[in-house]
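Sharing a structure, written as structure tokens. Questions coming.
A, B, C, D, E and F are the chain letters, set down in written order, and residue numbers restart from 1 in every chain.
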């Protein structure tokens, strides 16, 4: 039987920790010592659901969360960018993305061994974190595909309302190739550099959030401010759609965070509980801090806190205890609040939808905080030979590599795209709105 | 004939309409508008962006009436729309030279 | 191995009834007589999904269902109240709520043995209704948390468009502590008073719906009518959002109703089928009755019927047969229709979104009807020593206790909140709308 | 033990092919040769989720996808029609629909053996495609019910904005009885005519999409054009709602396509992956073709392509390889694009929401293409004794029977409905809008 | 110069616009308004609450024209907007003293 | 008194408002309108249906001023609203005979 040899994430001792709880599972008990790997239908069911949930996060979730925040004249452009990127990334993924991220290769990047999914069949299996427990490789491919689909879509919030559609597509393909696949490989593949440092990233804090957040910041700087920024009223055209999106993000994020356990066991349920409480804590933290600082608690603040909490708990979802998760979420929300309301204005760049302020900053707080909340002393599940200081240093190293790689890489890619197709529409087109200009439609009629 | 145009607070519409029907005026046209004046607006905050909004929602009411009824109409509107609070709005009157009821082709007084 | 000793609901004979069908499951067959408890990954997968579905019911489901029904100027306040309550209830739940509801204690309330989830780890297990079948305690905590999160959020529909935001938060914390946890404990904990009477409440008819419905009625009476009620046009600002919400409620309610079986077996699939047909029957019943009575069938009517049916089948989801469910749903919808369109107007109070008329009234019909449709003669699954009359009396007793406890409790809590922070905004603020006044935002811009 | 003898779809060799991968499952390995059938909780969990997903496709998914495309004055009528049909079809299904479709009978239609679900209990089981693996019959009933609920709802897009509500309800009941149940029986029941020809229809390409698409075309022709069609601007009133709907359709379609495998195994994960890539490819294909042909890529185009891809992959979801799925989706999208933008205008009928252009045309491309992409040479899973030419001929025969049966049947039923209650509202009513005229409500207020 | 203001049924807009361009008028401004008059409204029901809605959607069209063309314009609008059913709307005419084209600064007749 | 009615491009509102407050005019009323004129519209495509849209979003600004300030006001608006591109809009001026501030009952000049 040919097995896929992919391994998502798995400091061995941690995997062992998760297995202990799995020992209560009857099937496992029945499995002979080193027998054929087993595929449990419960795991398969959960992983299918996880794929569906991450798609749901993206379309309509993220599309709405972002779309509600722009002006009506740019609504469709945002919905379109998110959706088209997701589709394009799926196609690229099965053509060469999966191979580059997860097939062989070196410490930085995979190889072309599985382009066009060559060699993958219904019998191919992928590893989980538990020895001898496997899942069909098709579902591993699909699950990882949804991650690769949402990540570049996150970036577009930074330059919403002024980017050319062709530039969005071209940039996304380049960026996923030169920034996402390498970082994903480094962090999650068993031969990846950051993986072998022992850095913890349960569900993609570095790979997804810091990665996209930094690319977003660079994009906002390269592309420049919206016409009228700081002068005209540029208010969200439909906060209800943004809340629907935030709710869908939360709902879908269970696929993201708990699906990353690749099994349906007690460890997965811990990730579920953490994804509830970190998020709730973060939403409340943003709300109360804003209430204190600005005099009124806003719905957009609550929604922003919810997303900040989801971002922050992502790397820690399966390794923190519930109380650690609550604190991590709340801290991240407060830091993001300060960043989005004060630091950003002081720096004066126009990251339209605060992609860096929430995904970048929240991702950094989460990634570093993971090194703390994993501590058994704080209710975390621990890793073999855990020492807080050294784990935090490892986490910081992983963060630093991601920031530098993506910061430099994205800058170069934006410049290339600018030369090839141009990044930005004209001032008149920006005034008219991207919906009519780029897509020939308007979002609302009577 | 005269056209009486009033800018009022939106929640006063029903009272104004009732006042007008009370004095026998049975037709009017209403438009949603934004007003700027002495009444101060409010501040909205969306994450880091704070906006001082000085345009406030108002309704514009237009009533065409025979010249002789203008004072009655103006008084009725003014009384019904008044809260005594800043921002109650204005009434403007101007002459119209011709009026036509499209359905029948009736003109002037008969058209109202 | 330390086991959680929680038991959700389980007249023993009924549990046995559900087990019979479970006997077809291979794993069970393989389990030794009184061996170690087993955790099935299929159960875990289903329970995770159930948690996600109940969250989805709440945000964005309930938020939209309610939000679409208010005027645009109060839209965000409703979305915010529902979301903030949900977050707050999650935090309170892991701090002391779970402990008060499900840890030890007496016939009325639990104890503080598990505050901050102390002692709960990945190895902790919780009972299901099948002997020897367990689920991780984390997922039981998360599942019950979602119930505690949505219930106080249901109440806010009664005083939407005029309540102070601080009052909402304060009331919710008090109410969940003094009304929800005790009733949940009485009905679902193995040492709970109502549980031991043998009252049936499969998924929360008393605990969730009657409980919140009665608190809503009291709230509407204490807080008083909206400015302009009965005079101005106070029409729903977006019925499409209300329908999206109703659809999401239906979708999410499968987590509520079928998740309450705590396993993924044939009994669960019966709850699924019932949650389809009762709801469909109720939606149609409301539609046809309205068509006959008012001359036109309205979409809001259909949506209201759908929710009424979901409420009514909640206590009976796993114990009724499909035909009984259909009838129960239809009857509840007709009763709720009469209540919302006639009785309420006659009584003259302003329950803005008919929380009592649908959740309270529908919950009462469902709770009492459960005593009937459980009858094996009517296709129900039966309980040990079932006699319709005595079961109905038991159901009525459970309903009565809930009404009295919550009616009195809520009244006192509203009065306390009124003294502490004030319940209601001023008339000018109410005219301006809560979005601007309380949250400094507007829902829609162009 | 009494077993349900239903069989959804299962050219035996194909089932065997799927089983090969299932051989890796531990439970199966442990099962004695011809022992008692087993029910796996993972399968049950997945099938419950699938039911929920298909409901989600319908309400709010399809309702929004369609609703966003009509003018604001007809919004509620569309939401109402979709929702009311779904409810009505559920009730009809348990009364006699399930029996007519799946209980005994002859090559064309079932019998009345299971009306009112008589004889079905928690112990009843239904077959899957794997020998000896069963699922509770309740969940099979529920799953098939969701298919019967969405199919007639698809049709209403053809005559949206002008149909009488009573006509919609009456037509739906007649059509499901005389067109849907027979075709479903012919295609999926083990004694069905088309099933026994060996035609492949994994998840309902003929039964659902061609069936509804042809009924839609006939409806558009019989009922006639909207007032102002081709003259006034009849633009979608809310494309964002249409995109939310499209996203929900995609999300829910995993229940449709992957749920149709009736198990949670490797074959299911193939259907999942195909449902991602065919859809992504179709969305992009429509987008790029439109960009080339019309100068701008539209969001509605992308959304239309997504739905066309979902339709096309439906019959092939579990039998195509991922690359075949990608090509099939893309080809279908291009054909649908040409049809909706050119052929339809040339023919001059008014299929308001392009039900035939997408479900009919996409369904035909998919059904015939399934005969090609199933080829092992193209990465498909193959069927016993596969020869492309003969399989394609079989597929065409199945398509032809469906078109003729439903084309003739629908025409007759429309005429009957016209005589009984009238199909169309008056011109004045059409101008005023169906929301006020038929339902006494308006979708939006301020 | 005169300003012709017409209140019409919304679905008549295209016909009115075509009628005006037919007589050489190539500029106009349209506003969505609500009208109250003899045309009766409708009832809306939302669960237990029934509302009699008497304001109906109309469009207001404003066209500035040279004084000499007024009659032609009024006739064109009246003919195009007429259905003969109640609620067809009104046309009002009043004088304007000055007109400016912002782009060029042209005034009066040249500004139209 | 005069009423100055201007049709402008929407993104020019703030500049026009600032120009007016700059010359001491502190009240105005704004309406969202659709304009038809020489400025060409755009084409929208929804699947097979293509629509040429010739009505473009504009804002109508109404300012009541004392007769003596009219020229200043017209100039201020014209200057602030001008882009030099087709579609900049128009300014129309007409007389009003009466003005009332609803809150106080003040009339004419005092009402503005």
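By definition in this document, a residue touches a chain if its C-beta (ideal position, glycine included) is under 8 Å from a C-beta of that chain, and two chains touch if they have at least 3 such contacts.
In UniProt terms the chains read A, C, D = Ammonium transporter; B, E, F = Nitrogen regulatory protein P-II.
Everything numeric here is computed off the predicted structure, so don't read it as measured data.
Least step count on the touch graph, subunit C to subunit F: 2. In summary, the chains found to touch both subunit D and subunit E are C, F. By the document's definition of touch, common neighbours of subunit D and subunit F comprise A, E. Of the chain pairs A-F, A-B or D-F, the one whose interface repeats that of D-E, sharing more than half of its contact pairs by residue number, is A-F. If you compare B-E with A-B, the chain pair joined by more contacting C-beta pairs is B-E. Mean C-alpha positions place subunit C and subunit D at a centre distance of 33 Å.
Centre-to-centre separation between subunit B and subunit F, using Cα means, comes to 18 Å. Averaged C-alpha coordinates give centres for subunit B and subunit C that are 47 Å from one another.
Subunit B has residues 31, 44-46, 94-95 in contact with two or more other chains. Shared contact sites, meaning residues of subunit C that touch two or more other chains, fall at 27, 30, 40-43, 45-46, 49, 233, 235-236, 238, 244, 294, 296, 298, 300, 440-442. Counting only pairs that meet the touch rule, the chains in contact are A-B, A-C, A-D, A-F, B-C, B-E, B-F, C-D, C-E, D-E, D-F, E-F. The touching residues of subunit E, counted against subunit F in their complex, run 3, 17, 26-31, 64, 94-103, 105, 111-112. Of all the residues in subunit F, the ones that touch subunit E in their complex are 2, 6-8, 31-38, 54-55, 58, 60, 70, 74, 77-78, 81-95. Residues 11, 14, 42-46 of subunit B are the ones that touch subunit C when the two sit in their complex. Listed in rising order, the residues of subunit C touching subunit E in the complex are 69, 233-236, 294, 296, 298, 300-301, 304, 340-342, 344-345, 354, 357. Partner subunit D is touched in their complex by these residues of subunit C: 18, 20-21, 24-27, 29-30, 40-43, 45-46, 49, 53, 71-72, 233, 235-240, 243-244, 246-248, 250-251, 254, 258, 263-270, 272-273, 276-277, 279-281, 283-284, 287, 294-300, 302-303, 306, 322-323, 326, 381.
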